[in-house]
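Once you scroll down, you'll see the structures, which are given as structure tokens.
Consider the two complexes below, in which chain A is the common component and chain B and chain C are the respective partners.
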Partner chain A sequence: MKKLSARRRHPLAALVVLLLALACTGGLYAVFAPADKAQADETAQSLTIEEGKKLYTVGCASCHGTGGQGTSDGPSLVGVGAAAVDFQVGTGRMPAHTSQAAQIPDKRTIYSQAEIDQLAAYIASLGAGPAIPTEEQYSPEGADIAKGGELFRNNCAQCHNFTGKGGALTHGKYAPSLEDVDPKHIYEAMLTGPQNMPSFPDSTMSEQNKKDIIAYLGEVNSDKSESPGGMELGGLGPVSEGLFGWIFGLGGLIAVAVWVAARTAKAKKS
Partner chain B sequence: MSTNTSTESRSRGKAPAGERVADWADGRLGIYSLAKANMRKIFPDHWSFMLGEICLYSFLIIILTGVYLTLFFHPSMNEVEYHGSYIPMQGQLMSEAYASTLEISFDVRGGLLIRQIHHWAAVIFLAGMFVHMMRVFFTGAFRKPREINWLFGFLLFVLGMFTGFTGYSLPDDLLSGTGVRFTQGAILSVPIVGTYISMFLFGGEFPGTDFVARFYSIHILLLPGIMLGLVVAHLILVFYHKHTQFAGAGRTNKNVVGMPLLPVYMAKAGGFFFLVFGFTALIAGIASINPIWNLGPYRPDMVSTGAQPDWYMGFAEGLVRAMPGWEINFWGHTLVLGVFIPLVLFGLFLAIIALYPFIESWITGDKREHHILDRPRNAPTRTAFGVAWVTAYMIMLIGGGNDIVATHFNLSINAVTWFVRIGFFAGPVVAFIVTKRICLGLQRRDKDKVLHGRESGIIKRLPHGEFIEVHEPLSQEQMYTLTAHEQYKPAEIGPTVDENGVKRKVKGSEKLRAKLSEAYYGEESQIPKPTVEEYKEITSGHGHH
Partner chain C sequence: MSSQDNPEKNLPTAQDTTHGAVDVADEKHPFADPGLPPHEHRIQDIDERAAKRSERTVALLFTLSMLATIGFIASFVAIPVEKMVYIFPLGRISALNFALGVTLGIALFAIGAGAVHWARTLMSDEELTDERHPIEAPPEVRTKVMDDFRQGAKESQLGRRKLIRNTMFGALTLVPLSGVVLLRDLGPLPEDKLRHTAWSRGKLLINQNTNEPMRPSDIVVGSLTFAKPEGLDEHDHGFNNEIAKAALMIVRIQPDDIKDKRTLEWSHEGILAYSKICTHVGCPISLYEQQTHHVLCPCHQSTFDLSDGAKVIFGPAGHPLPQLRIGVNDEGYLEALADFDEPVGPAFWERG
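Right after this comes the complex of A and B.
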């Protein structure tokens, strides 16, 4: 310190201070620069929300209200989260043809994924809710298929059937078939509980358990799953089996009987 | 007699090997006379007479495949951890019964195919019995002397239902476990004794650790044993009564026109057995049935939608699904009418068809033997009754699958249930009326055909410009077939005064019987068949219609 204070009136002292100040400014600039980029992100985000709001006004507001507060034709979307939007619009359920049907069916998706993300961002901005899961969350890798089966039979099968072939609910409502549903959408459905489905937040069913269920469905109810016994007959159990048994089983045997009876040693063919 | 034959043939040199074998057997079993009497037994030929054969062969197929399955099945409810080759069940806790069924399906050579043949054959067996029973019903083959055999057949159907049900419950999978729970609920709904029966059957509270082993011995020993005995008795009676036949030229109530058992029917029946076996194996090879690996092991805390029994229990399921959930609480006891009434209806509904032969013979007062079959149209009231019964049965089958019907036809399950509720009462009435009208219409058409011949489709123009359609007269045989049936007169209440002119009391049952008989054979219920006079009158002025 003494050395430094002794040289404080040195002719070059001002220069050193200047250099130090410059370095400091540069350093500070370097530190603050990412903050500037974040600000740019925020701008992009608000642009996305802005775009989403435009899409919302055109496609959704007539039922859900201009600010997502809901009307008599559609529920409030405040706090449903981005995951709900990604599920409903991503599976084509939204926008719905009518609010009067017993249940809104899935159909062809009419928005691109980018537009869905914009809509999701807008709805998410209305109130906190579950976010769209990342691929790491819903990919069936590292999941326990057998555990998933057990969880599925315990929590899902009472509406969706043993392997997710779907089932009836009251007054025309139904639990849809889960055949070849995108793992992301299965995850989001569990997270948000669309229509008549109860929701299974992480506090009820852990992320790992959701993965297990998705892995189980991928194993037993997708285009990759095998049917060791031959034709599945819809995987619906004894009703379709009985129908098949009557029509093709007994029906076929009666046809054989008629064939045999027609080939008899008769004196005269009638 | 047999010794004589053998000495004669020896004097002429060595008898052929077949004859020596037959001789050896006859010397010890004395079957020659029995065989001689029955080898040339005549059986009439009609495809519908082969329905019973389908049932018999399916039954044999079930026994054969069932024996194979018992070699690998473990009827135990001990809990084990699965480490077999089916990946989605790895490490799951399950009963040995379920684990061994998985093993049969995936690790036993031919196991899955045999399992599927066994199950498909059971579905076909019951369906075959149903159709066979309807054939017998609609042709009146149940009439004297065959009422007992009708009851044997009916018992086979009912026992088949329960054998099927116990077999379906053995793998201890989630679907069948739900079915067993359903049955236990039905048992519990029986007043007073229900709880005791349930505790006895399951060895304590449901599910316990016993029911698979118990159902196993019922499924493979008790019920099939009784059924085998009944099948033999059923066939002996068919031999004893001789087979019925449709009316036709040369066929009377006292003869049977057809082919001999040996060699024609033996060859045909043997061949048909292999056709049935082959066809069932084909079905089992292409279509999956009861894929228990998808269903998971039974746990009382789990249930799946679409939980139905196999089709033959479907109408019982329908009765319960359609019934409103009524309940009476009486002195701290609950009477679950919502389940108990369906249980009673289940019994009554089956009993009606079982007792029908006796009801009909009481109403008509017909105590004669019948070996010539009725054409269904010529017994309109019986046919209409049968169709009404089948209608109610089918409506209840729809009720049993109400959820599948709802999802696959985009309907509300509540609407389906209401349709079933109303249809169960209204459907049979409509079916009865419509069927009777159709039968009478067909009788009129027969009469028309006999009197005016067959419409040939040839249009002729007469010289004065009139157009007529040429009718071809029927052949003698065809006319015989159409007019061979008897037409009954309604049974009447006898004279109401006795020989001394004293008025006797007419019992209520007599009045009821007269009324029902009128419904069977009154003017409303049959079209008088053409008489010879009518025919002559019309044919004498040929060309005028």
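Right after this comes the complex of A and C.
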């Protein structure tokens, strides 16, 4: 106590007291005012939707239509759900520079997560669709990594490569690399099927299946992944490894042979 | 070199000091052959100290190889298999793999480098010319061989004892038959196995992810699902053989977007079931683009339009993907209405 009173004239003392007082008031309010909670939530929800609508009108309506009904430049967003918005805007794919490209690439995200949530709430209010998954749904805890690998090879590897390195599709389209993609976004992509990717709804690929797949990707394709052989060369297997062997292995041998033969061992250089 | 190996008549009549070179230009040889250049010495041939240096270098390389081999054995013993290390630019790799590779690489390289250095600096480097001569044996050798053969034939009584001769020919002719008979194990011929799969009327479509049958409402537009026939378990003995033919991909397309009438008829409200085996050389094919309804084969880029009877729109495949006719059973689950009506997978000689 003595220690505390000795510091009562410290320049920051007033600030500490103020913070304590604020925390007490807030805490007391939270305890005594639960009755209005539902009401407050609803108001907050409609406020969020309002905000989302404003953001939508500025950033999205020119392509997707003023009410999300879609135009010739962008598809309808009615019923795509919050998960699709969180994926498209959260990975920077939306807003797109152009609707004419073969595929919209991911890029720097320009909205904050709060703004994305507002946009998502607005789009979700246009028609029922998949919601943004909770952390519990996509965290790798409690997942079966081996089963995830099996599921990944059966459902995803044809386009995204066995370890999620990505691959080419037709006419300039491609399956992007899944390296270090946020698990939430992987979950949302499976749920909603962005661009040309087919969707894998919970009815055919259960939540546990998705969790297993995400855990597998975390194991084989993240900054924590281990590669016992090193030098994966794109993870393409014998094709890239063979090419590397032929070009650099044989090329190296030829270069050494040329170097050895080009240097004369004679005392008198000609 | 005995005279028998190299009879006089095979050698050039007049050997000169320039190893047979024609040093005068004539009509047949418009350019004079300058012959071999005069031999030049290496520093090691002249200077014994340089030769010693070379010797030490070669010995050093061989010693390095020995040390690397010992390092190889030591790493094998000392480094645990699961130990991972970060090595730029290889990434997080197995320490054991890395150590074994580096030490064995050094051990082999040092032997090679030592041998090359030895050959270049110390071994004799005098240029030599080996004359070519006909490989035919001289006539007396040939006569002797033939005489020996006739005498052997006579002594063995091969010509006189016809029974032995004929049975021996018989035995020698029959022995290869045992090899020919073994070829039977390449068969039997597949009969009609290439034309049928594990699908048949009434078999439920089982989701490969969940191992459960599916209802039409489970399959949403734009989704992709893989199915196997009811009663086929992944742990079954012949599972891989069966699934190699029966693998199925299920997509759902808005019925209005389906261009081919039969495709729509064989679907259930736009749910289409196609063989997952490419008709070119049989790669599993499921690179499905849900907006264009195209499926791309990763092996040779054959592209099929699932909304139009899976017609080939690009690439080397010769047939559309076979479609499985599906419906819904009394309990509301998706089922096959028949086997595929044509052989799945790549074409074969008798396919027609």
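Convention: the second predicted complex is superposed on the first by the 223 of 270 C-alpha atoms of A that agree within 3 Å, B and C clash if a C-alpha of one lies under 4 Å from a C-alpha of the other, contacts with A are read in each partner's own complex, and residues count from 1 in each chain.
Everything that follows uses one rule, which is that a residue touches a chain if its C-beta (ideal position, glycine included) is under 8 Å from a C-beta of that chain, and two chains touch if they have at least 3 such contacts.
Everything numeric in this text was worked out from a predicted model, so none of it was measured.
Once both complexes are superposed on chain A, the partners chain B and chain C clash. In the superposition on chain A, no contact is made by A:Ser99 with either chain B or chain C. Counting the residues of chain A that each partner touches, chain B and chain C differ, and the larger count belongs to B. Contacts of A:Gly193 after superposition: chain C is touched, whereas chain B is not reached.
In the superposed pair of complexes, A:Thr25 makes contact with neither chain B nor chain C.
Using the contact criterion defined above for the overlaid structures, shared-chain residue A:Met205 touches chain C, although it does not reach chain B. By the touch criterion stated above, A:Gly237 is placed in contact with chain B alone, chain C being left untouched. When the two complexes are overlaid on their common chain A, residue A:Pro228 makes contact with chain B and with chain C alike.
Applying the stated contact rule after C-alpha superposition, one finds that A:Gly167 touches each of chain B and chain C.
Within the superposed three-chain model, A:Thr57 lies out of touch with both chain B and chain C [touch as defined at top]. After overlaying the two complexes on the shared chain, residue contacts for A:Gln45 are found with neither chain B nor chain C. After superposing the two complexes on chain A, the stretch of chain B that clashes with chain C is 331-339, out of 331-339, 367-375 or 421-429.
Touching of chain A by both chain B and chain C, each in its own complex, is seen for residues 154, 158-159, 167, 169-170, 175, 227-232, 260, 265-266.
Only residues 102, 144-147, 149-150, 153-154, 157-163, 165-172, 174-175, 216, 219-220, 227-233, 235-246, 248-250, 252-254, 256-258, 260-262, 264-266 of chain A touch chain B when the two sit together in their complex.
Taken in their complex, chain C has these residues touching chain A: 40-46, 84, 87, 89-94, 97-98, 116, 120-121, 125, 207-210, 214, 217-220, 222-226, 251, 284-292, 294, 296, 298, 301, 303, 314.
Of all residues in chain A, only 151, 154-155, 158-159, 167, 169-170, 173, 175, 193, 195-201, 203-206, 209, 225-232, 260, 265-268 touch chain C in the complex they form.
Contact residues of chain B toward chain A in the complex are 45-47, 50-51, 53-54, 87-92, 105-106, 112, 116, 120, 123-124, 127-128, 131, 174-175, 259, 264, 268, 271-272, 275-276, 279-280, 283-291, 293-296, 299, 301-311, 314, 400-404, 406-407, 410-415.
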